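Presented sequentially are two complexes of chain A, the first with chain B as partner and the second with chain C.
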Partner chain A sequence: MDVILLAELAINGVFVGLMYALLAAGIVLIYKTSGIANLAQGALAMTGAYVVVMLAGGLGLSMWLAIPLAMAVMFLVGALIERVALRRMIGQPVIMVIMLTIGLEIFLRGLLPGLFGASVKRLDLGIPNAPLFLGDLLLSRALLIGGGVSLALIVLAILFFNSRLGVIMRAVSDNQTASWSVGIRVERAIAIAWGLSATMATTSGVLWGATQGVDWSLSLLLIKALAIAILGGLDSMVGVLIAGVLVGLAESMATGILDPIVGGGTRDVVASVIIVLTLLLRPHGLFGREHIERV
Partner chain B sequence: MFFRRAGISHTRYQQERQLWPLPIDRLTVLAVLAFLIAAPFILDRLYIVSYLLPLIIWSSAALGLNLLMGGAGQIHLGYGAVIGIGAYTAVHMMRAGIPFELAMIGGGLAAGAIGIVFGASALRIKGLYLAMATLAMQYIVDFVIVQFPAISGGSQASLQVPPVSFLGFPIQGDRTPYYVALFICAMITLFMLNVRRTSFGRALVAIREKDYAASIIGVDPFRYKLLAFWVSSFVGGLMGAVLATCYYRAISPDQFHLDLSIQLVAMVIVGGLGSVLGVFFGVSLILFAPILLNQTIALVADTTGLTLPMDLRAHLPLMLYGGLIMGFLLLEPLGLAKIYSNIRNYFLVWPFRHSRQ
Partner chain C sequence: MKLTRRKLVAGTALAALATQFPVRMALAQDKQVLFSFPQDFTKIYTFVTSEYSQGQRDYISLVNGRGGINGYKIVAEVSDHANDQPRAIEAYERAKSQGAVLIDPLSTPVARALVPRVLEDKINMITAFSGRSDAADGTVFPYVLPMSPNYWTQAGLLVDYFKQQDGGSLQGKTICFVHIDTPFGKEPLPIFENLAAREGFTFKAFPYTPPGNDQSAIWPQVRRARPDWTVFWGAAVGQTVALTEAVRNGLDMSRVSSSVWLSESDMDVVGRDQTVGVMKVEPCASGRDPKVIQDILAEVVGKGQGAGPEDKVGTSYYNYGVMMAALMLEGVRRATEIAPDGPVTGDWLNAGLTSITDFTAEGLIPPTTVTPEDHQGGGMGRIARWNGEKFEPATDWYQANQDVVWEQIHKYSAEFKATGK
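Right after this comes the complex of A and B.
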């Protein structure tokens, strides 16, 4: 195994991992405020990418107008989902809420390809296809830019939790009743969390759509985002960043090293193995708060 | 009118504790059973092979999942993989010359053994994390089946089921597979109806409501959760074997993907968590709604000339599943079984308003 190949795998893995982490950050954001794991996050990313394609391709807007517009639309969509569906489920067992988000995922996966066509759509951000040469290393520009944008957004999300709104959300995640009693509007905080999460999903959908095209398979990113969110700890933003890099590295190494041995396909199973191992060894993740149940 | 309980007064506890205390229920069950037994002789072959047989097989499989989700309150997003394990084990055993009856049990045992490994994580984790663990199980089992040619016979290949017989009847043609599936379905249904009246079933209900409250009154959540996982996976594996032998006749890895798991979960939720009768309703709705929808669209297209784009028509079933899951969870979380029992309770004392339920 030569060093150049390993270095290339590692660098690509880190950037891919950061791009996965952006989606995972949305899951963590929702979990932190409302204690719900949103299994529709992958479908939201797909929805966002479809909205961008529709605005840019269908209405002829320029890409730099279409993306912010799509983010605004998706903020509303996220808040609307919370208002119409999730808020009515407050107080129901967690299994019901999870099933609701799965139902949403299936519904969106049928609705958007059904309305806008199932064929793969191109989403061109104007990133040149030619790889970047760094000494002997061959790096993909789309990955570098995608990873960079994701890193910036996740750092922004970490900083966000120190702002006024972020402090409100931390209070809500700590204790909803106590937040209520000091005058925090809990429902609004949760609705905003859903909106922001859908916006982040949109960016991640756009970045992935630029590398692999837009179709229903964008919703498959869910399992990788879940692996990152669980490995990092479901309520830790910093955990997402580090777990994202780890999952990206593991996946890239597995593809590069194991694939020639077992004959392909390891890429999709790495995330699942990470989920199972984390749950068996350290269910609260690397940085998550250990949840202690009092009897 | 239909469900009159007027004039029926039980004088012994045994009468009250029967599976179906009202004569009208017993009559209904007998009528349905008689219809199902006579069906191959009165209905067209098409209805048996493409409607009744899948309905029976998927109902039996969904009953296993229902025991876990509705009975014990544990979520399982990898039930398709469990069925796949059972199907592959059984088919390999039958190809090695082991009779179908044993291969069926073997498929169930293998599925139970692997299911319990992933279910073991249910000891430490619950709810949310369990959903993820079982989701991961689905992907890992898919991967293993596809990647090991010894199991799948290559990723593109399908495994033929050799000719076998059940209790002396060779499984071939249209009628024997149907009766075999019906017999096994009846056994599983009886088991599921009765399991709720045993200490095991009541322990599961206690765990479903609150697991540490259950452990305070002396029910070991560890043991019973694991048992629930084992029983449910066993039924899944068993039905995998039946599915492969009686319905598919040749199995390939793509028959047991995540889509199947989600479809099964949809069946259980739409039917009503924890209800045996509801499972049959849910399976019928999930199986037949897309067919009905497609026929309606075709009819509308024929009469009015309105046509839908191909992509939209192809994705309508997905939208329907998602919409049904969301709609039932939001509007009627107890599913079709609850709607049925509301109607039934209304008619029990009809035309009087006051109900004894």
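Right after this comes the complex of A and C.
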């Protein structure tokens, strides 16, 4: 096996994994606050990217104005989803809430391409596509920058959970009734979590949109994000970071090593195998907290 | 107004129902020919359908606006099947009950599902750039008509062009084939493999998982295989990602090519300047220069009767739609000449479609001859290169390696005849 090729696949895999991890971090953010796995996170990333395309392409704003504006819009969208849909589900079984997020995913996946057209849209961040060689090793500038930005944002999210607001969110996650009793505005904390999660999804959508273009397929990132969140532990930001690297590496190496042997198609199998194995062997993931309920 | 859950559900149901109603393009006439165009506007083929359908509808408007064909007007029923087979079958049965004599589903899985029905009902099904490649064999598939170069032919054209460019020999060369890992993506494999054995080149295939939005681990392998020529074969986001990765991996764009599924909008996504030199197979001319496109601009779009945005007129996929509508209507013209008083049935139109001879749609398409035996129409196409603004023809219309292509067509059609699969 070609060592340079393996090194190239490994490096690309790590950075791709970090980009997946950013989306997974949004899932963890909501789970840590409200105990709900948001299965609409992929569609939120797609929505955020469409909003950027609309602001930059449709209204002619500069990309560097369109992106923060889209993040602000998506913060409101996230908070609105919590206010209009999720809050009405208080008291309903968790499975119904998860079903609601699946419904939201399907709704957005149909609505956005319908509104903005189904063809792939360009999202140009000005990252040159020209190859970047380190000796014989080729690195992708888009992946390096995307992975770097994702890493920085995930580290920020880890630090956020040690801030005052972050501690409030953790308290809400641990026990909503107890949080209410000490004066924490639980609904507000959850709404902020949804807003922040939608903002992270937008960043992820922009980074992936710059890599592949913007269309409905951005919502498929959910599967990778879910695999990472489950492997890392649904309530662990550090877990997301490490699991992202592991999943990215595993996918990339599987494509390079297993595809030529089995004839292709192993990339997506990796994510599903990781989800199944983690749930069977270590349901709380590598770094998640194990919840024991008294029955 | 307060949005209750009941209102939301009712609104969604209404919206879903609304998409089921077809758009009638011409008022019912005493003498009319009904076409059914249930296509995928909302799921997988979204990258092509709106432009393709726009081209079809504009061409039909052009002909109807000139009084129709020998006294017959064309009515086209357009609806959305969302690449969903039950919905497509429902649309087909509805069209059949209304007297449709032609259906164009523009979807490989839908076309495959409809083959037994159209053969039994004797309704002509158009499967341009989709469906079964072996449907070119009209003796086995009398009512399935691709009328365009199938994927095997496209692969054959590409290999022949590579050979021409390399001084008449591919001996010792390497061709890499990056394809979506679906039946559509795998379809040209036997042609490449056969031609590799015959021409002496090394053939390497690199499948990627659909839809192909991450191919970052595939292209480093392609680059390190040091290909003389690279062909990428997918659709929608898979195409733009493939091309982006080819650029990022420093491949020479003048030695990278694709099938018919590459358009101007793909170049916009990747970057018009970065993809100069990349090739595709053209089944018809692109752009607004062809006379028929000029006529549409003057007589349909210019009068505010266009079926879609004016800036899409003349794009590759728009022209594919015009091409197919022109062939269908030429079939109607021939049918009216063979049997001027009808009756308008699937067989009536089939006789017309299978007698199309050297038809060029006034220079839009290569000379196309459809016979009861050859439903492909001759298998002519050309190679075009992207120049940063548009696709420019790199060759004249030609056909190549049809012996290998027809070997495959006969092999698979015989299998269908024997097993029904």
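Here is the rule we use: the second predicted complex is superposed on the first by the 295 of 295 C-alpha atoms of A that agree within 3 Å, B and C clash if a C-alpha of one lies under 4 Å from a C-alpha of the other, contacts with A are read in each partner's own complex, and residues count from 1 in each chain.
In this text, a residue touches a chain if its C-beta (ideal position, glycine included) is under 8 Å from a C-beta of that chain, and two chains touch if they have at least 3 such contacts.
Please read all numbers here as calculations on a predicted model, not as lab measurements.
Enquirer: After the superposition on A, what does A:Ala178 contact: first (chain B), second (chain C), both or neither?
Expert: Once the two structures are laid over each other on A, A:Ala178 reaches no partner at all.
Enquirer: Does the superposition put A:Val155 against chain B (first), chain C (second), both, or neither?
Expert: In the superposition, A:Val155 touches no partner, neither chain B nor chain C.
Enquirer: Applying the touch criterion given at the start, work out whether A:Gly213 contacts chain B, chain C, both or neither, answering first, second, both or neither.
Expert: Only chain C; A:Gly213 stays clear of chain B.
Enquirer: With both complexes overlaid on chain A, does A:Gly265 touch chain B (first), chain C (second), both or neither?
Expert: Both: A:Gly265 reaches chain B and chain C.
Enquirer: Looking at the overlay, what does A:Met99 touch: chain B (first), chain C (second), both, or neither?
Expert: Touch status of A:Met99: first partner only.
Enquirer: Scan A:Asn129 for contacts with chain B and chain C and give back first, second, both or neither.
Expert: It touches chain C, and chain B stays clear.
Enquirer: In the overlay, answer first, second, both or neither for which of chain B and chain C A:Gly114 touches.
Expert: Once the two structures are laid over each other on A, A:Gly114 reaches both partners.
Enquirer: Let me test your reading of the model: by the given contact rule, A:Ala142 touches which partner, first (chain B), second (chain C), both or neither?
Expert: A:Ala142 sits against chain C, while chain B stays out of touch.
Enquirer: Pick out the shared contact residues on chain A: the ones touching chain B in one complex and chain C in the other.
Expert: Shared contact residues on chain A: 110, 113-114, 117-118, 263, 265, 268.
Enquirer: Can you name the residues of chain C that touch chain A in the complex?
Expert: 3, 41-42, 46-47, 50, 181, 206-209, 211, 213-214, 216-218, 220-221, 223-224, 236-237, 240-241, 244, 247-250, 265-266, 268-271, 274
Enquirer: Contact residues on chain B for chain A in the complex?
Expert: 69, 73, 75, 77, 118, 121, 124-125, 127-129, 131-133, 135-140, 143, 146-147, 212, 216, 262, 265-266, 269, 309, 311-312, 314-326, 329-330, 333
Enquirer: Would you pull the chain A residues touching chain B in the complex into a rising list?
Expert: Touch list, chain A to chain B: 37, 39, 85, 88-89, 92-96, 98-100, 102-111, 113-115, 117-118, 223, 226, 230, 234, 262-263, 265-266, 268-269, 271-273, 275-276, 279-280, 283, 293, 295.
Enquirer: Considering only the defined contacts, which chain A positions touch chain C in the complex?
Expert: Contact set of chain A toward chain C: 2, 4-5, 8-9, 12-13, 16, 84, 110, 113-114, 117-122, 124, 129-131, 138, 140-143, 208, 211-213, 215-218, 220-221, 251-252, 255-256, 259, 263-265, 267-268.
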